[in-house]
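We just call them A, B and C in the order they show up, numbering each chain from 1.
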Amino acid sequence: MSKKMNILMFSGDFDKALAALVLANSARELEVEVTMFFAFWGLFLVRDPEKVTSDDKTAYEKMFGMMTPKGPEELPLSRMNMAGLGKQMLLDMMEDDKTPSLTDFLNGARKKGVKFYGCKLSVDVMGFKEDELIPEVKIITAKEYLGDALASDMQLFI
Amino acid sequence: MSKKMNILMFSGDFDKALAALVLANSARELEVEVTMFFAFWGLFLVRDPEKVTSDDKTAYEKMFGMMTPKGPEELPLSRMNMAGLGKQMLLDMMEDDKTPSLTDFLNGARKKGVKFYGCKLSVDVMGFKEDELIPEVKIITAKEYLGDALASDMQLFI
Amino acid sequence: MSKKMNILMFSGDFDKALAALVLANSARELEVEVTMFFAFWGLFLVRDPEKVTSDDKTAYEKMFGMMTPKGPEELPLSRMNMAGLGKQMLLDMMEDDKTPSLTDFLNGARKKGVKFYGCKLSVDVMGFKEDELIPEVKIITAKEYLGDALASDMQLFI
């Protein structure tokens, strides 16, 4: 019987997104089913930088959309970010080791059939529109997330 | 057979508390049993702002009790708090969408029968007294938490 | 049948390391099998402060190794660290309550047979050598971690 992993991606940090996506890609290579549920800051990772809109948003939602990271490359580190210096250092160290980029891991997860969901409450509050996110993301409620998570063999809150 | 979710609430951030309580409320509506175990900074969420005491505390414990958030409304954001400005923006955005407040979600969880536990080691170190916390909170050890968590269908560390 | 807990230790914070090690020690006392997988900042906890080397490292890796915490006692708090002041306050409060130190909990976990693993991708990127870590740590891949985690009764991402 095949196994199932569910990740609730709450954080919008580069390093935590990298950890989550390394796990998601590795799990798919082991033929484990993978669900990622993006909530709050985690939604930044699945924003499509080419599709930022201001239509049908309140003033706050427009400002929030502009101030916050758009897609994987703009995410800061959870610590030692040092106004981007620490992040650049980590990126250089990753390149030295020929580690794929965060975008590569995100695209790998998309190609390998990871299921992507966005949290309805979060997109409503933050004012994100479904078509501002990468097309794989389907918006679901916390209850739908719970149904999937409770049927999984492991659940992580990242 | 009914399912069971266990949340270890370690963080004392407004946004993470909101995520945890949205999950707890949603799970109860699905008739899932829910345990929340508050440890470290997570205890701030279940402090009763009306019942802060200095009795029988060391100087450090008194200072610590005064410096730290008392109950849900005083919790800061985990990021973009910006001395309260970012949090106010989020509160306004929640109100625009008619999202219930963090206090509403906490009270919902209390009414819906979520089980609340506090970590004995944490309350001892921080000097909190059981009667400074909301009455639903029962103090238990890490071992008692583990017994409950290992018997659950999902466990999250938030 | 014996139970099994798996902790992915991602964070390099003193307070989160304390939480993880309290759980690991308590679980072992209940005869629960425990695996800890150290990734990213979590690796700081299992660095041996006596064995920092510069051999066979790039300039960045040397700098990174020097700038970052070496072992349990150098870890900062995840919040209220206040340049070490908040951490000192917490250490004093722990001592007042005769709580063992973080090093005690780490040594307890080592003696009680907690299994320690380090993340291969993380040590490669950060330039840590296996012999800079405490001897219990074995380097494994994300896939090997997943195999262990999926066979466990509970998994936490800390």
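Convention: a residue touches a chain if its C-beta (ideal position, glycine included) is under 8 Å from a C-beta of that chain, and two chains touch if they have at least 3 such contacts.
The shown structure was predicted, so the numbers you read here are calculated from the model rather than taken from an experiment.
In the Cα superposition of chain B onto chain C, the rotation angle, rounded to steps of 5, is 120 degrees. Residue numbering at the chain A/chain C interface overlaps only partly, since under half of the positions present are found in both copies. Here the spacing of chain A and chain C, counted between their Cα centres, is 25 Å. Those residues of chain A in touch with two or more other chains are numbered 155-157. Note for the complex: chain B touches chain C at residues 8, 10, 12, 39-41, 58, 60-61, 63-64, 67-68, 121, 124-127, 141-143, 145-147, 149-150, 152, 155-157. By the touch criterion given at the top, residues 3, 5, 15-16, 19, 22-23, 26-27, 29-30, 32, 78-80, 89-90, 92-94, 96-97, 99, 153-158 of chain A touch chain C in their complex.
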